[in-house]
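Read through the structures below before going on.
Both complexes below contain subunit A, partnered by subunit B and then by subunit C.
Right, the complex of A and B next:
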């Protein structure tokens, strides 16, 4: 592994490497903390998704049943006709919130459920079954909007989590071991050089003594 | 900012959500048309949420997945079951958990 990092065995390089290892270690610790925080946040969102999802899906199936009823009683064509007449101007507010520096959507929606008169189709030509279907779908839509916020948050968090994990692993299993290997190499080399020097001096001393 | 809602799906789903006040709707017929409509929805700045049925999603994949990754935060996209309650067995969220956490994790209700 040491070959991957070409270093010259000098004291200067040793100091530099020590600094780099320290920095990498610090970065690694910080990223790891970030990852832990993200995981906690992620699971919180997941728990809420589970609740919201069951509720929304139940409501949606209720709504579909009501709509089938409406198709049966009022007629398919008539229902479609009415849905063309209906007012379709539902607005939702989306802003972004930041969790640990990740942008997640924050959705705010007013009352989705409308008054019969506010729906925009004429009431004296349509059946109450249709009103029922509209109401159920409005309820389902509100729940689904809430669910979509959570869902998108979870996806954003998961994406960030994956990125962070990759970085942590790169530091932990590749960069830091490599730096340590290089560090070890330099230290061994320096020690070796010192020993060489020592024996050289000894030898010179012996030679000098011999000459006297 | 305030946004509007779009629906893509079969006739029933679209009718229902149109009754509930969704502004844009597209009834899925061919793959190309729906993909074009979808990118139109993504590009327009005024749509905040796109509801799309699982059945349509399956027909659009893998292009749909690619678009989902490429899009910005808004519009949000939510996949919903259609009137038959059809949902794929493969849960994307669970897949993501498996990949990120490295373990299969079940979220259960507390006390349950």
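Right, the complex of A and C next:
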């Protein structure tokens, strides 16, 4: 392991390595905190997605029932004709919200549910069941917009979580153990050198004493 | 890039989402678009309903003291998952949100409480990583 880092066993190198271990440890601890915070955010978004999906599916089912009723009462062709005349614009403001530096979309939609007159088709030639179906689909649209916003947030958070986890693992299982191994190698080598020196001095002292 | 430089780069990026200047609750309430500019130049907008919720928790006089966003400081030296809330008004608000007994001084909260706090105040709270 120590050879992989190619360190020379000197006191200077030991000091440098100690600093590097400190920095790596600090980075690891902070990134782990970030990872924990991201997990909290991710699970919160998942919980909201589940709620939003249930609501949206329920609303879509209500809307489809209303549309089926409309087909039965008004007729399929007439309903499709009216749909072509309907206005399709929707005002919304798309900005970004930042969760720990990760840009997640924030969609602010005004009132999706429109007035009968604002829908763009003639109210004289259509039935109230068509208005009912339109209203239900407008409600569903609002829920679907909210769901898509949450889905994008979940993807962004998952990507960042994956990146952070990879870095934490690289520090925890590769860099820090290698640095610690190199540190241990230098300390052992320095100890060994000290012992060699001590023995050498003792030997010299013995030789000098013999000469005297 | 060496491993050390990568670590330093990662550490320097940890707090770029924090605002250059925090807003008081009163300023945020009076602003037509309550938002702060982060260190990376991005804009963080507060939800009005959250601001009104916070205003309901604090007496009128304390609205200048509450600085937004409320910072949830994550410090590894406190132990994994432990966060610190500083500031008199901030602590008061967080204690009320988490239904804790009122007390003076800093407040330490733990991971489940952080999750509750973030759920209730997603735009008016932010994480701060300190060491």
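One rule holds in what follows: the second predicted complex is superposed on the first by the 212 of 212 C-alpha atoms of A that agree within 3 Å, B and C clash if a C-alpha of one lies under 4 Å from a C-alpha of the other, contacts with A are read in each partner's own complex, and residues count from 1 in each chain.
In this section, contacts are C-beta pairs under 8 Å (C-beta built on N, C-alpha and C of every residue); 3 or more make two chains touch, one makes a residue touch a chain.
It should be emphasised that the depicted structure is a prediction, and the values quoted were computed from it without experimental measurement.
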Quick one: on subunit A, after the overlay, do subunit B and subunit C clash, or do they fit? Just give me the call.
fit
With the two structures laid over each other on chain A, which partner does A:59 touch: subunit B (first), subunit C (second), both, or neither?
neither
Using the touch definition from the top, say if A:87 reaches subunit B (first), subunit C (second), both or neither.
first
After lining up the shared chain so the two structures overlap, which partner does A:175 touch, if you call subunit B first and subunit C second: first, second, both or neither?
second
Name the contact category of A:103: first (subunit B only), second (subunit C only), both, or neither.
both
Three-chain overlay: angle at subunit A's Cα centre between subunit B and subunit C, nearest 10 degrees, stands at 120
Chosen between subunit B and subunit C, the partner touching more subunit A residues is B
Answer with first, second, both or neither: which of subunit B and subunit C does A:20 touch in the superposed model?
second
According to the stated criteria, A:133 is in contact with first (subunit B), second (subunit C), both, or neither; which is it?
first
Classify the contacts of A:68 with the two partner chains as first (subunit B alone), second (subunit C alone), both, or neither.
first
Of the partners subunit B and subunit C, which touch A:95 in the superposed model: first, second, both, neither?
both
Subunit B versus subunit C - smallest C-alpha distance in the overlay, whole Å
13
Dual-contact residues of subunit A, meaning touching subunit B and subunit C, are 43, 95-96, 103
Inside the complex, what are the residues of subunit C that reach subunit A?
3-4, 7-8, 10-11, 13-14, 16-17, 38, 40, 42-45, 74-76, 80-81, 111, 114-115, 118-119, 123, 126-127, 129, 131
Parts of subunit A lying in touch with subunit C, wherever the complex brings them together:
20, 23-24, 26-27, 29-34, 36-37, 40-41, 43-44, 95-101, 103, 106, 167, 171, 175
Can you tell me which positions in subunit B touch subunit A when the two form their complex?
1-5, 11-13, 15-23, 48-49, 51, 73-74, 76-78, 80-83, 85, 93, 96-97, 99-101, 107, 109
In their shared complex, at which residues does subunit A touch subunit B?
39, 42-43, 46-47, 49-51, 57, 60-61, 63-64, 67-68, 71, 79-80, 82-84, 86-96, 103-105, 107, 112, 114, 119, 130, 133-134, 137-138, 140-141, 144-145, 147-149, 151-152, 154-156, 158, 161-162, 165
